[in-house]
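Structure, as structure tokens:
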Amino acid sequence: MAKPEATLLDPSRFAFVHDITTRFADLDPNGHINNVAMAAVFEDGRVRFIQGAGFREALGALRFMVVSVGIDYLAQAHFPGPLTCHTAALSVGTSSWTIQQLVLQSGAPVATARTTVVCTDGLRPVALPDPLRTLLEPWLMK
Amino acid sequence: MAKPEATLLDPSRFAFVHDITTRFADLDPNGHINNVAMAAVFEDGRVRFIQGAGFREALGALRFMVVSVGIDYLAQAHFPGPLTCHTAALSVGTSSWTIQQLVLQSGAPVATARTTVVCTDGLRPVALPDPLRTLLEPWLMK
Amino acid sequence: MAKPEATLLDPSRFAFVHDITTRFADLDPNGHINNVAMAAVFEDGRVRFIQGAGFREALGALRFMVVSVGIDYLAQAHFPGPLTCHTAALSVGTSSWTIQQLVLQSGAPVATARTTVVCTDGLRPVALPDPLRTLLEPWLMK
Amino acid sequence: MAKPEATLLDPSRFAFVHDITTRFADLDPNGHINNVAMAAVFEDGRVRFIQGAGFREALGALRFMVVSVGIDYLAQAHFPGPLTCHTAALSVGTSSWTIQQLVLQSGAPVATARTTVVCTDGLRPVALPDPLRTLLEPWLMK
């Protein structure tokens, strides 16, 4: 099993949390929540984080583009219990920033994800607007 | 828009209910919950109903097979609010039975589904075992 | 197993055909192509049909809305072989029309679908424009 | 946009190739192939690679478990054209190995993925069996 740093597995460090119900369609032939279904859970967490924190409004005509997603699968997740998805900003660069996420089931970590998001004008990367930087600060990992 | 009988749109007639969170991945290019994603919601409701009501144990070595699903789409469903899925048995035949379902969002009906399930020995239909019939009775639409 | 009329299982009656590859993600815990994955196959066939036949252009500012989909599951479909999806118009009404579809794997029917599509101005049903009726004619089941 | 090493974008270095059709259900609200749908494409490529190269038989009672997947998104992918997925072994360790993949559309790279797979006895990592190492060799990136 993968071993991300222990500090990334502490739910209390993530300011944004939401619960997501598992679905029968998430199961694969092994009877576990499929890896790709878990990728959809992380995506859902990112979108809710970005909408919920008001980043979208601060973007104006700019938009975010996901350029990389890395997922570590730590343990099997099961149906029908729900998942809890924790999301935070990990670091902020000039035109991109990184989102760190942790999914738990019944209190145990099942997967982590790190996503790099670039701010673009639709064609090329542009510097993150200052109001967005200000908005991001309180959402950095504690 | 489709118009199923009004009597099928009354949530109080369904004994089994569960909530399901919508996901960003459910959205289609129109920005609405996709029709196929809604089919996954109904499937999830059926499986939870069948597991929750103890039908699976009563089947023994037999198994259920879905032979038809008909869905009426009544209104657009949206992200990120949750959906409520109501499920009941509609009718019981010799070797098959019918499940009726209703999905609401914010209290308004968005879709209904009718599913025919056949009891098989893995190869061909067999009569529904009596214990299963007894189990089904309290779950018939009120 | 469901038994749609034999006349609906004859691939030569459908003017529009396309192949679709199965995916590992389509499999469910039974190791078969999942019922919801099959719904996505039919949806894909409908969209390709509607785009390929030029209906979209004939719609102008109007749009199609799917109001009901009924699927009969005839046999298990398997990974990793491809599926062949046959699509035709079944009937044309005032403001709505019906699409009939057939999916084969290795030459054997695995599922059929019937979809009712309504022409709307975004809010309510409107009569199908005459140019669209003319376009639809050659795609009716033979 | 992410910039994986140019050497990972050369399709001729990958010994295993397959085509996969896009589906309407892969589209997200931006009208592009969704990131999670792309994850399903890579998963499909891995499974076909592992089945096609005979690794599964060489595993006997052991099994592979995916412990991490990292995807770089290089360009938007579109519906309805197909995708081509190239897959190779990148490196082989004691109990784990790494799969490198490249997806092209119309000849242009749209995404790469790196997956770490661990050989387990169902509970814990075990050394990759020698016959499997021999089987893997011809599939290493050229």
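Should a chain be cited, it is by its letter among A, B, C and D, assigned in written order, with residues numbered from 1 in that chain.
Just so we're on the same page, a contact is a pair of C-beta atoms (placed from the backbone, for glycine too) under 8 Å apart; a residue touches a chain by one contact, two chains touch by 3 or more.
Here the structure is a predicted model, which means the values were calculated and not measured.
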Quick one: which chains contact chain B and chain C both? A, D
Looking at Cα centroids only, farthest away from chain D lies chain B
Computed distance of Cα centres, chain D from chain A, in Å: 22
Distance in whole angstrom between the CA centres of chain A and chain B is 31
Indicate the whole-number Å distance between the mean C-alpha point of chain A and the mean C-alpha point of chain C. 36
What residues in chain C touch two or more of the other chains? 24-25, 36, 40, 43
Touching chain D in the complex: which residues of chain C? 18-21, 23-25, 40-41, 43-44, 47-48, 51, 80
Chain A contact footprint on chain D (complex, rising order): 1-2, 35-36, 39-40, 43, 65-73, 116, 118, 125
Contacting residues of chain D [partner chain B, same complex]: 24-25, 27-31, 34, 36
